[in-house]
Every structure is written in C-alpha cells, then in structure tokens.
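I'd like to ask some things about the structure below.
Labels run A, B, C, D, E and F following the written order; every chain starts at residue 1.
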Amino acid sequence: MRIAVLRETAARERRVALAPATVDRLIKQKHQVVVQEGAGVQAFFPDKLYQDSGASIAPTVAAVTAGADLIAKVQPPTIDEAAALPPGAVLVSLMAPHASGSLLDALAKGGVTALALELVPRTTKAQSMDILSSQATIAGYQAVLLGAHRMGRLMPMLTTAAGTLTPAKAFIIGAGVAGLQAIATARRLGAVVSAFDVRPVVKEQVQSLGASFVEAEAKAEGAGGYAKELSTDQQQLVLAAIAKHIKDMDLVIATAAIPGKPAPRLITNEMVESMRPGSVIVDVAAETGGNCEATVAGEERSVGGVTVIGPLNLASTIPNHASFMFSRNIQSLLDHGVKDGAFQANMDDPIIGPMCVTHGGAVRYGRTQ
Amino acid sequence: MIEALLGSVVIFTLATFLGVELINRVPTTLHTPLMSGANAISGITIAGALIVAGGGHGWISTVIGFLAVVFAMINVVGGYAVTDRMLQMFKRKPGAK
Amino acid sequence: MSHAAVILSYLIASVLFILGLKWLSSPATAVRGNRVSGAGMLIAIVVTLLDQAILSFEVIVAGLVVGSAVGLWMARSVKMTAMPQMVALLNGLGGGASLLVGGGEFLKSELVNENLTLDVSITIQLSMLIGAVTIAGSLIAWAKLQEVMTGRAITFPGQKVLNALLFLAVVVLSAYQISVPESLLWPFYAVVGISLLLGILLVIPIGGADMPVVISLLNSYSGIAAAMTGFVIKNDVLIIAGALVGSSGIILSQIMCKAMNRSLANVLFGAFGATSASTKTAEGLTARQTAADDAAVQLAYAKSVIVVPGYGLAVAQAQHLVREMADLIEKKGGEVKYAIHPVAGRMPGHMNVLLAEANVPYDKLFDMDQINAEFERTDVCLVIGANDVVNPAARTDPGSPIYGMPILNADKAASIIVLKRGMGAGFAGIENELFFNPKTAMLFGDAKGSLQKVVTELKAL
Amino acid sequence: MRIAVLRETAARERRVALAPATVDRLIKQKHQVVVQEGAGVQAFFPDKLYQDSGASIAPTVAAVTAGADLIAKVQPPTIDEAAALPPGAVLVSLMAPHASGSLLDALAKGGVTALALELVPRTTKAQSMDILSSQATIAGYQAVLLGAHRMGRLMPMLTTAAGTLTPAKAFIIGAGVAGLQAIATARRLGAVVSAFDVRPVVKEQVQSLGASFVEAEAKAEGAGGYAKELSTDQQQLVLAAIAKHIKDMDLVIATAAIPGKPAPRLITNEMVESMRPGSVIVDVAAETGGNCEATVAGEERSVGGVTVIGPLNLASTIPNHASFMFSRNIQSLLDHGVKDGAFQANMDDPIIGPMCVTHGGAVRYGRTQ
Amino acid sequence: MSHAAVILSYLIASVLFILGLKWLSSPATAVRGNRVSGAGMLIAIVVTLLDQAILSFEVIVAGLVVGSAVGLWMARSVKMTAMPQMVALLNGLGGGASLLVGGGEFLKSELVNENLTLDVSITIQLSMLIGAVTIAGSLIAWAKLQEVMTGRAITFPGQKVLNALLFLAVVVLSAYQISVPESLLWPFYAVVGISLLLGILLVIPIGGADMPVVISLLNSYSGIAAAMTGFVIKNDVLIIAGALVGSSGIILSQIMCKAMNRSLANVLFGAFGATSASTKTAEGLTARQTAADDAAVQLAYAKSVIVVPGYGLAVAQAQHLVREMADLIEKKGGEVKYAIHPVAGRMPGHMNVLLAEANVPYDKLFDMDQINAEFERTDVCLVIGANDVVNPAARTDPGSPIYGMPILNADKAASIIVLKRGMGAGFAGIENELFFNPKTAMLFGDAKGSLQKVVTELKAL
Amino acid sequence: MIEALLGSVVIFTLATFLGVELINRVPTTLHTPLMSGANAISGITIAGALIVAGGGHGWISTVIGFLAVVFAMINVVGGYAVTDRMLQMFKRKPGAK
C-alpha cells in the first residue's frame, strides 16, 4: 500500500499526521510511504528523520498523492486538494463533517473513501484510535500551562521571607478527557482544584485526582458517555452554582462540550466581572463557541483585569507530542483496518463504519448517524 | 497425694500460660505448618504409650499398648516430617538484607 | 538412668518444645523451630525407654518401627494441597493414642486389681473422653476435607440438645465409675463409645471451609488429652508439652478465625446455617479470599513483584502506600515493577499522575509492551483496583465488549493478588474470570485500608 | 512620613513598588501614602484598592513626589524624575548602580538619599528585605512555565492508549534562588531534573529537592555565598561537562550569574545545535548577557529547531505576586529603618549602609564597596 | 486453711502476677496490670499469715504496719523526677529482705541445730549472696541518682580482677559452709560482708546516666533472690514470682539498652572509660536524648502537635513519612499542624514544595505569624531537621548573626522533640540553646530513619 | 528430696520462660513503671519474711524476721503505690478512636 502524508496548510496547524516512528513501522510492514517536503518540520520532525525511516520525500501535493492508496492528514483537505486525490484512495483526517458539506461532496465525487477521525466511536476497543482523547489530553495540559503563565500570581503556596503566597484556586468546568488532564496538571503545579460537570459519574473521577467536586442539582448524561444539553431549569441551577463558586477563582479552565452542538454557555459576563483582576479564564471550548460569554476565539482579552483566553487548536501548540499521539492513533486504525496489504473499507465494521463519511462515490455522513 | 497432684496442676497452669504467650501473631501462611508442628508435639503421648506397652501387664495391655505406640509414633514421625516439608517454602531469598 | 537424670532430661525436652513452638510462629525461624521441637521429642522417647520399668521391648520396638514407617510414608506421599487433611489424620491418631493409654491404664488397674487414687481416676477418664472426641472429630474433619463425605454442614433438629445429653451421660458414667471402684467394664465401654459419638456430632455441623479451625481446636484437645495422660502416669514432660499444645492450639484457632473475620463461636456453632469463606458467583465459580498478613508474607518472600494499578487505586487515593509497600519489599530483597496499562484509570496518564504524586521513580514504570513478557517470570502480580485492563476476556471472549483490547498478562504470573472492595465490575461492566483463577487470591476492602494492613504486616515480618 | 509610590514607565515593567496591603499597614503606622494614578493597574491592583487602604491618588509625578519623605519605585527613575525629587528625600528602588553613573550623579546633586535594592546584603537578618531573592523566586518559577509552554512535548510521563510519552528532561544551570525554584517547579510538572552549579554546597540543596546533580571538577565559591568567575581551566571542565549532558535535554533553564559581572557563557552554539529540535532553552541570565551564546535578550529564536528564549524582567510577567513580595521587602526595610516616624539613613547600619548609593549630596557607590 | 487450699491460693496469686506483668508492658493496660499484681500480692500475704505455723503475731503485725506506713509515705512524698532513685531504694530493701530471710533461716538452723539438706543449704547461700549484692548495689545506684555521691564512673586499676577474686572468695566460703555443717559463724558473716562489697564494686564503675539499666538488672537479681528464698522455704509462689521478675527484669534491661543503642555488656563493663548517654557541649550543657518508641508514645498521647520542618527534612527526603506520621497521630485523636518558617530550607518555599509532594493539605500549613501564639498551648513540638529557625538566640543574643530574625516559638511548647543526625549546626553555623532546654529531647539519626521508626512504633501502640 | 527440688526447678524454669515471653516490646516511657511494678512483685520475699519472723525460734530470728518484714513490706507497699502514681499519665485522651 502506498501511503501519503501531506503537509498541513491551515493556519496555526503545526502537527503532522504520521510521525517517523509510525512510518518506520509501516515500512517494516512492507508499505510505501511518501511524505511531503517539510510536512513534519513544525512538529520538530525534520525530513531527514522520515528519510531515515525509509520514506521518500516529494515536494508537491500532486507528487505525494499520485498513486497513493491512503492519504493521511491532520486537518480536512481543501476542496482543491480533495479534488486532486486519486479515485478509490482512502483519506484519513479530521473532517469537521457537520460543517464541510461541499468538501464531502467533492470527496464523494472524486470516489474517495474518507474516514473522519472525529467520528471514532468512544468504545473501549477503539480507544487506541481515539484522536479526540489523545488531542484533548494535550489540550487540557497546555490550557493549564497557558493560564498559569498568564496569571498575575503563582500557582503553588509558598511561604517565604517576603510573605506567604497563597495557593491559586483553579476551577475546571467540564471534566471530560481535557478537563481531567487539566485537573491533574493544575494539581501538579500546586493549585487547589475544584471541578464541575453535569455527568454524575464524573464526581468520583474528579475526586480520584485529588480535586473537589462542585455540586449542582443538575444531571445530563447523554448517550455513549457524552453529556447532553441541559433543560432551562437545570441550566439555571448550573449557572447559579458556577456563579457562586467562580468569584473566588484565580484560574478557570472551561472544557465543557456536547458533541455536534455549540459549547454550552456556562460563564456569563457578570461572572467574569465578579472575579478578581489578575485571574485568568482559558476557554478550551472557544472553537465551538466557547463556554464563556466574553471569549473571542483565537484572542486574549482583558475584561476588567480578568484575562479571557480563547485558544484555537491548543493541541497543535505542543506539536511534537501531539503528532506522536495522532500518528499512533492512525497507526492503530491501520492495524485494525489493513488486511492483506490493503485497507478494507468495511462499512459493517463497528469502528470503520461510523467513521466513513464518503464511500463508493456517495456521501454517507448524515445517513449513518 | 493431693499435693503431688497440685504440683502437677501448678506446672500445667504455667505451661498453659506459656503456650498462650508463645503464639503471638502468626501470618496466615504459617497457620497450617504451626498447627502441624504443634500436633507433632502433642504426640508426646508416645511416652505414655511406651509405658503402657512395656509394662507387661498381660496381653490386653500389651496389645493396647502396641496400638498406642503405633498411633502415637505415626503422629510424631508423620507430624514432624510433614511440617518440615511444608516449611521448605520459607527459605530466605538471596538478595534480602 | 537415675530418676533425677530422667526428670532433668524431661525438663530439657520441655524447654526444646517451648523454643520450638516459639520459633515455629515466625517465617524466619520456623524450620529451626520444628527441628528443635523434634529433638525434644527424641530425647523424651529415649529417656522414657531407658527409664521405665519396661519389661518387653519387642512389642515396643515393633510399634516404633511400624509407626515410624507408616508416618514417614504418609508424610512423603501426601500432596501439598492435601496438607490440612493429613494433619487432621495425624492429630486423630494422637488423640487415639491418648484414648488407648488412658484405657490401657484403666484396664491394667482392673487386671491387677490396683486401687486407683482419685486424681488418677479422674485424669484417666478425662484422657479417654478427650482422646475419643479428638480421634472421632479428626476423622470426620479428614473425611470432609478429603471429600470422602460431603463438605457441607450437616445439621438436624435437636442436635445441640442431643450433644448436651450425650455429654451429660459421659459425665455421669465417669463419675459412677470413679466412685464405684470395683465397677464393671460396661460403663468404661459406654464412656468410650459415647465420647466417640460426641466427637462425630461436634464436627459434622461445621462446613468444610472451616475445617482448618476445627483441626486446630482438636489439636488443642489432643494436647490436653496428652497432659491428662501425664497426670495419670505422673510425668511432667507430658503435662508441659500437652498444656503448651493445649493453650497454643486455642490461640491459633482464634488467630485463624480472626483472619477469616469471624469468632470461634461462630465457626463452631454458627454453622447451623453457615456460609463458607469464599465468594461464589452466579455460575458457581469461586473466588479465593486471602488476608493481609498472608499477602504480606507472599510479597516478602517474592523475588519479583509486578504491581498493576487501576482506577480503584486512584479512587482509594492509596498511591503513597503503594510506594511504601514497594520500598519494604525491596528492602527484603524483592524487585518491584509497575505495569501501566494504556487505558488504566479514567484519563490518559491517570496512573502516571497518581504514581508521580507518590514519587515512584520513572524507571520502575513500564508500559504494556515493555512488561507483558515478564509476567511469566514473576512471582506475584499485585493488582490494585484494576479490572478491565487485566481481564482475560479481552483475549478469549469474542462476545465481550473489550474483545481485542490488549491487556496486561497478569494471569501469567505465578500467583496473583487482587485488591478490590468486592466483586464489583469495572468500567466495561463485565465479569472478570481472572478473579476465579485458582492462582488468584482476592484481598477485599478499600485499597487504602488493605494496603495499610499489608504494609504493617510487611514491617513486622 | 509621607511616602510616594510612582507609576513605572520602563518597558515591560508591570510591577508596583508598594501593594495595597503594605499601604494599609503604613497608614496604620501613621504615615501618609500618595500613589500615582494607575500605578498598580498592571499588577492588578486598581486605584480603588489603594484608596480603600487609605492612600490618596495623584495624577502626575510632580504631584506625587511633592513634599514626599520617601519615594518607592521598582525600576530606577529617569534622570528627569530623579531631578524632580525633593531634596533630602529617601528614594528606594532598584538602581543598577554599576550602570547608572549619571543617574547617581543627578540624585546626589538633588540631595536625595538613594537606597539601591539590589545591594541588600545576603545575610540571614536581611532576608526579609531581599528583593533579589523574592524576584528570583518568581523568575525561576516562570522560566519553567514559559519553557514548558513553548516545548514541543509534555513535561510529565504519560502512558496512554496513544503510546507512552516519556518524561521531559530538564537541566537547570546555576542553582541559586531562581535555579532552585526552577528545579522545584520542573519537578512538580513531572520532569526528570538535573542541575549544575559551581558552588559545592549546592549539591546537597539540589538533591534535597529530588533532582540529580551534574558533576564537573570545578569549584568557584566566592564571598558571601556568591560564585566567582572560573579560571580558564575550570571553564573548560565545566563546558565539557555541560556539553556532554545537554545533548539529551528537552528543557534548559540557565540562571548562572556572578554579581556585578556579565553572566558566564556556559552554552555554546555547538551545544545548542547538538540538542533535539523542539527543545527549549530559557536563558534567565539574558539581561546580563546570557549564559547561552545563542541568546538574544528579549527575543525568542529558533536555532535548528531549538527554541532559545532570552526573557527580560521575568518577574514582572507575574506582576501581582511579584509586587506583593517586592512590597513586603520594602515594608521590612522600612520596619528596619524607620524610627520615630522618620527613616534613619544611618550609614553604619549593616543593612542600610551598604545599600545607600547617594547620601548627603555625594555618590557613595563604589566608595563603600 | 488446708494445705491444698494454700497451694491453690498461691497458684492464683502467681497467675495474677503473670497477668499483671503482661499488662504492665502496654500503655493501655498498665494501670490495670499493676493493680492485678497488687491483688496477687495481697492474697499471697494473707494466705501466708493464715497458713504457716506462725506463733507470734505481734512482731509480724508491727513489722507489717511499720513497713506499710514507711512505704506509703515514701511513695506519696517522692517527686516525679526522683522516681528512678526511689525504685532503686525500694529494690534494695527487697534484696535486703531476701538477705535477711536467707540469713534468718541459716541462723535458725544453727540455733535449733537442724541439719539442712543440701538443696536448702545451697539456696540459702544463693539467696544471701544475691540479696546482699542487690541491697548494696541498689543503694549505690540510689546515691548516684540522688547525687549523694558523684554520678561519674568510679574506676581504679585492677577493679575487674578484684571483683573476680571477691566472687571466688564468696564461692569458696559458701562451699565450705555447706560442706561442713557444724561450721562456725565467721564464714557466714564473711559471705555477707564480701557480697555487700561486691554489690558496691559492681555498681560504682557505671555512670549515673546508665543507672536505670543497672536498677532494672538489680531488680532482676532481687527476683532471683526471692526465688531462691522460695527454694529454701519450699514455696511455689516465691519461686514463680521470683523467676518471673528475674527473667523479665533481664529482658527489660536489654530493651532499655537497645533503646540507648548499646549492649548490656557495654553498659555494665564498657564504662571503664565510658561516656554517658547524654551529649555534652563545650559549655557543659547537656542535651537529653530520647528513643523513637518514646517519642512515639509522647506523640500518640498528645492532644496537639506542631511539626516544624527544616532543611534537614529536605535533605533526608522524609516528607512522605511526616505525612504518614501525622495521619497516625490524628487517627489517635491528636491534632497536627505544620509551622512553616519564612526562611526554612534553602530557597523560598522549600518546605511548601516538600510538603506538597507528600500531599499535606494546605489548611494544615501555617506561617509564622499565624501559629507563633499557639506553641504555648501545644503538647509536643516536633522539630524535624530545623535549626536556625527555632534558635532562641535570635530573640535573646544580640551578638548572634541571626539576632532580630523572628523565629518559631518552638521553645514555648510543653515539650519539644528534635530530629537531627547529631549536634551539627545549621546554615548560620551557630549553636542552638533549644537543644539544651530541659523540655527538649533529641532523637538522633537521619530524619528518614528516625521517622520510620516513630511511624512503626505509632502503629504498634 | 532431690525430686521435690527438681519439681521446684521445673516450675522455676517454666516461670523463667514465661517472664521472657511476657515482656515483648515496651515503649521507653513505660520502662520505669514496668521496672517499678516488677520490683513490687519481687517483694514477694515478704512471704519468706513472715515465716522467719513468725517462726518463734528465739529472739535473734525474731529480730531478723521483723527487719525482713519491714524491708519487704516497704518494698511491696512503696512499690505498688509508686508504680500506680507513675501510671496516672497513661489516661487515654477523649478524642481517640
């Protein structure tokens, strides 16, 4: 099988779909790998490393994709790129399928079998291919570092000759994969950590990381371990609980999300204003609209002394490890899907089926959900 | 006569207390070997059995005595041997400090 | 041999018994203890042979040879797993010997028309009663363990009343016999018969799993029987050794009960409607339970230990104790590694966060690929609050939701100890056959409490 | 006593000399405090807090300093500001005395008694006034956060379904106050930490923080617990030891310094090139020339994939806590120096004497050292 | 009272002594233990009065009344700090009583011209010898502790040889007296005299600080003397109680030596050029030393504990053990706080980093201003590897380099335990008078090792 | 005669072992009270003293006996009382679990 790795062109994207270690493994499995020139440079994988692993380097998209059986990418391809893919090839990348109607049409038209990585089922078996988890891990970690670095104060308690610095209070909203990692990171740095989520199972998980759980009388457990949207009553309860708690916080990491929906609004402007100057809100949900009313995606604002950061593509700011994990996820997907030297796009497969958004010239997304 | 008995009672009492104090805290793994080892000790009846068997008070006594010796001796020899076998697993590791 | 020398030799034998028992109760000295006590026994036997007015040696030598041969053969041929029933059998024979000695002395007094003093009469009766109960009870215990008869508790209405009546009968008959010296032989036979029956009745209502406690108790009885024999033949070594075994046996029974979290009374009588100590599942599989001190001994003597932490360790927040335990094992010469499954816990790297908090050095952490081959060469795998990540169903059961997920090969270790609160399922909500593996012992309880106990025991070893 | 607090005008300076808590205490001690408008805003102390503490707010430098007995500042004043100070007043601030000849002249001419905070003796008794220690504490902490945030990888070890991320290796050069704090912070984040210093006593201190010490056969213990410059031989040994060790490092925090001298050069360009792409060097010594040859003060550069950061005024990037500690240091200095309601510029005092750079119309700096 | 009843009563008294001794060795049961043993003594006395062919009661009653009154008065009036010498005195009197009983029996036999059996002769000599050594030795121990004579070791050349010769003389004289029944009285007096001298000579070369061990050993002797008396008058309760005290006393002496990290031999003979257990400084001040188990008892029974961590804790990397220790104290009902001095350690916040690693909750950390007033109300202040930050010289000695630095008021606590490796100075390089405070006890050793021991002891309590 | 002695020797031996086993691990704080309590027990010589004093074998014996009783009684009464006083510090705290 000929596998192509494209260079990312989207703004802020520093990751690469396959790391040299994975390439190495694929070559050992008798695949061919072609990597676009400089594809890994921003993730600190120079071309040399790919060459050492046995990949060949090609300068242009066309040169890379020519004759490729499988194309690996991080971000969705542009329509142009999509149109250039060889018919019958398999494309593996993020796809933002709910917002990419024309891209899907283009792929379908080109006869490409496209697997959207964000649609990987959240089952135990598929965990090793779960790009959402791996990238959220990095995002949760980096969100805390970012917030800590921007705060007016230190995180840990320090008793010094120049007075005692009290520990920072960190509050994590939404304790999914990113939120839990944020809890762990903030605890490592010495903050007093509390967290909130609407799924009741999360409480024990939060406590298992040594943080306290903020209670609200609201529960919203949806399907597949995900949350669902809150009813208006419950939303009121949640907002009241957060408002009461957030006043006193120095660092807020907001990660609440509902798959396929805009992020729930959980921090109002009033709440932001109730906080002390110098505190920081890192809204990891900025990409899907933000948990905080004051968030502007991609920007860092000061609202009455409170720094509100709406980072985009946080995982990409730790490009090396993010790519390493991304690449390992794809590697597991290939281990699962490749038989007899070719990728089997079996629509009945419980993992591949749901991920496949275009196949056999048709758009499947929307039909299979 | 009663005093001789009482002397024995004193010894019995002291030995009883000693038995209680000797066994303080035993890891579960040692329960069976310890039980077995103690059982071997209780084979001390062999001393009584020998006297009965060797007393030469007629064949009934001798038969009974013979049986008693056999029983007690199985208890003693079997008990010690079996305990020793069980205890083979408590050889120290070489690396221990 | 002068009488004084005999007494002194007996005293030396007694001291050896004392030291033997003391040393037997600690793993480090147990082997020596058993041998020392054996030396004491040898002295006692030799002295007895030299001392007493022993007339016919042929019978005695025959008895000694036969007994030794049979005993040795039994000890050699028994399987390690059949040890408890073996001890039961040996113990029964010891009780039988006491019965025979008591009976023999009685018959001898009848034959030579000797008038027994009161104390000798009483102790003869006692040694017979206790000896008979011991042999009968021990044989039942043996039968239950050997599965010659059912291991279940056998109860019937009025059982306790019957036992009480039988006991009363023995007492009355004995008293009659003692008070009427020129009595007939039938009360003698009756006492022996009823005592045997009593021994049977006392043990049948106790479940097979509780037999070790019963054997220990019967062992204590046989000690007392020996002591009574000592009163009969006025021999201090019998009294001392018998009393030692009598009291230490009871203490040991209590310790055993405590290890099972039950009282002695509950073991002996509670069984009128009792449960066994092992946990049964729907399919009738049995998970073997263990206690903290036992786990500690296993860990202390293991050359290699792999710890498999899971979500339960995080819930219990017992990370610091794990570290402490590992340090102790290493001080005792064992090697401890941690096997981190990629999805252990509830978030990526959950176990790393936890173990970093306890300052476990990074070079002791191994991920699945690095360590999976090592389980086979590992003495003990200690699974702490992990479940799905060691579930063999992932390898073997295509119907399972985790089928195909690579797991840690905990089941390949020579023995496995699992720390959990109960038989609760993990994240995937499925049963785990590892817990029913014959090599696996479950240490139930909150992981923090269990580890605390293990650590305390490790320090005491 | 009338105490004036000026707003900082230097670039990047976000700290303020006195925090509201200290003002509060001074007011209780019957002093008057005037604060320049907005002086604390960047440190997240709005004017309102000062007013609540009993200070008055004045708009201009002139209005603030008029009639002041003591003027507190963070950075050295400009020559203009210096000229405007009332004669006989006491100025307390950083002074960079070795580089501020004309400023000192101006202050002397104006009859100002100037105390240079960087000259506080490093004795046990003066520890509570030691601004170098308090600000270095913050710098050491922030350097690690900055480096971690910029690194291509995570700091801690993580075993995940997408592979095991190995822990980052952090190397701290110079284990003074900032260096020790950097060790502690990197350890908190889960890095494997090693450190190097030329003072032999430091080894135990490094180990007491759970890090390992990199040995070189060089010792250079100077006076007062400070290091001195290395002989050429020793310099060779040190460079060899660092070169051998640094290759494998993911994060380097360089804090080596010798008082009054340019920072020792300890990381050559070759060493930087020997490091893996994606690693980061944070050169805390950038201000005094940098420990690293590749450092450009105030900039962040990429040298063959290695990010070399030469931050300036790191403490000021955590302005709230930095100001809090700075303020507590000055408070202790005042507690020490104020008697009968006035600051006693006693040149024989073992703490004040050495700090005093101008007094009675003359420049003392250089004469007393 | 029938003789059987007497023997039984004595047996009961013996059992009470056994239980009493057992209970005395654990803090939780000690009070009960002492009372139970007292009850045993009462029974023994009453039975003796009722049983024996006691002809003149007046003298006995007078003796009992005088003895009780004096004993009670002594017990009431003695100061708590003078307890060891009090025990020495009482012990000496006990030894004296044995000497008198042995001597009395001997003289009686002379008077009534009774022929003593060999065993009685031997035991009479033994009870006199041991009794005399006990009384003389105990009185010297008392004098040393009461500072009636110097507490220093008194040695002279040939001391050991002299002792050996004297001992030989006693043996020879005793043997002569036993073998020659119609002997004169002078060997009798010589034996007593030389024995007394021996008692004195054995104790004077031992330093005052080691007296408790000596007393315990002499106590063991007086037990053996009592047992010998028991052989003389053929009385089991004397033999049993005497033997119990004899052996437990030796064990206790050994335990005491171990707590001082020395061997018994070193205490008894090493003192020929020995040091005392306390550390002396240049100015002759003495730092009191303590052992881990003692510290553990103090901590276990404290209502409030303040831990003062310092640089030494970081060097020892013992932070996790501190946390564990605190948890144990809190489980026992005490309250633990941490007092963090602003400059403890070697960098700002050093202690915070350390304690955060061990997950000590922030709300247990107090800075100097918050906690300084609380030391006065604190039972135990535990100083771990801190020095300068608790040095009172900062308050009192204007010449000190740290004069004027605010310090933690550790010296205000009711008692202070300091964990250090030795008498090393801190960062400032100056001596610390806190270590010589009479309320302070030093627990020497690496903080990690010391804390490990304290934790182990706390768990056992 | 020798046998009676040997009987006593047996008892002495057992009691000696018992004494060794009884004292296992004693916290330092209990060393002095325990020593004192054991010392009180060694006052059992009082039994011997009573017999000597009450034997009525002439005035020398009586005087010696009287002194022996006084000494032993001080040892006994003083010993128990002083031990009890020392032990007062081992009252449990209320908060303990």
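Annotations
By definition in this document, a residue touches a chain if its C-beta (ideal position, glycine included) is under 8 Å from a C-beta of that chain, and two chains touch if they have at least 3 such contacts.
Remember, it's a predicted structure, so these values are computed and weren't measured experimentally.
Under the touch definition stated at the top, chain B and chain F share these contacting partners: C, E.
Between the contact lists of chain B and chain C, the overlap consists of E, F. Centroid analysis (C-alpha atoms only) places F farthest from chain A. The interface holding more C-beta pairs in contact, when A-C is weighed against E-F, is E-F. The geometric centre of chain A is 79 Å away from that of chain F, both derived from CA atoms. Taking the mean of the C-alpha atoms as each chain's centre, chain D and chain E sit 57 Å apart. Distance between chain centres (mean CA atoms), chain C to chain F: 39 Å.
Residue positions 127-128, 133-134, 137, 156, 158, 160-163, 165, 188, 190, 210 of chain D are each in touch with at least two other chains.
Residues of chain E in contact with at least two other chains: 14, 18, 22, 236, 240, 342-343, 348-349, 353, 356-357, 359.
Touching two or more other chains at once are residues 2, 7, 10-11, 13-15, 17-18, 21-22, 24 of chain B. Two chains count as a pair here when they touch; such pairs are A-C, A-D, A-E, B-C, B-E, B-F, C-D, C-E, C-F, D-E, E-F. Listed in rising order, the residues of chain F touching chain C in the complex are 2-3, 6-7, 9-10, 13-14, 17, 21.
Within the complex formed with chain F, the chain B residues making contact are 7, 10-11, 14-15, 17-18, 21-22, 24. Those residues of chain C that touch chain B in the shared complex are 14, 17-18, 20-22, 24-28, 30-31, 33-35, 37-38, 40-41, 44-45, 48-49, 52-57, 59-60, 62-64, 66-68, 70-72, 74-76, 78, 80, 83-84, 86-87, 90-91, 93-94, 96-98, 100-101, 103-105, 107-108, 111-112, 117, 119, 212, 215-216, 219, 222-223, 225-227, 229-252, 255-256, 259, 290-291, 293-294, 296-298, 301, 303, 331-334, 457, 460-461. The touching residues of chain D, when paired with chain E in their complex, are 123-125, 127-128, 133-134, 137, 177, 180-181, 184, 187-188, 204-205, 207-210.
On the chain C side of its complex with chain F, the touching residues are 3-4, 7-8, 11, 14-15, 18, 22, 236, 240.
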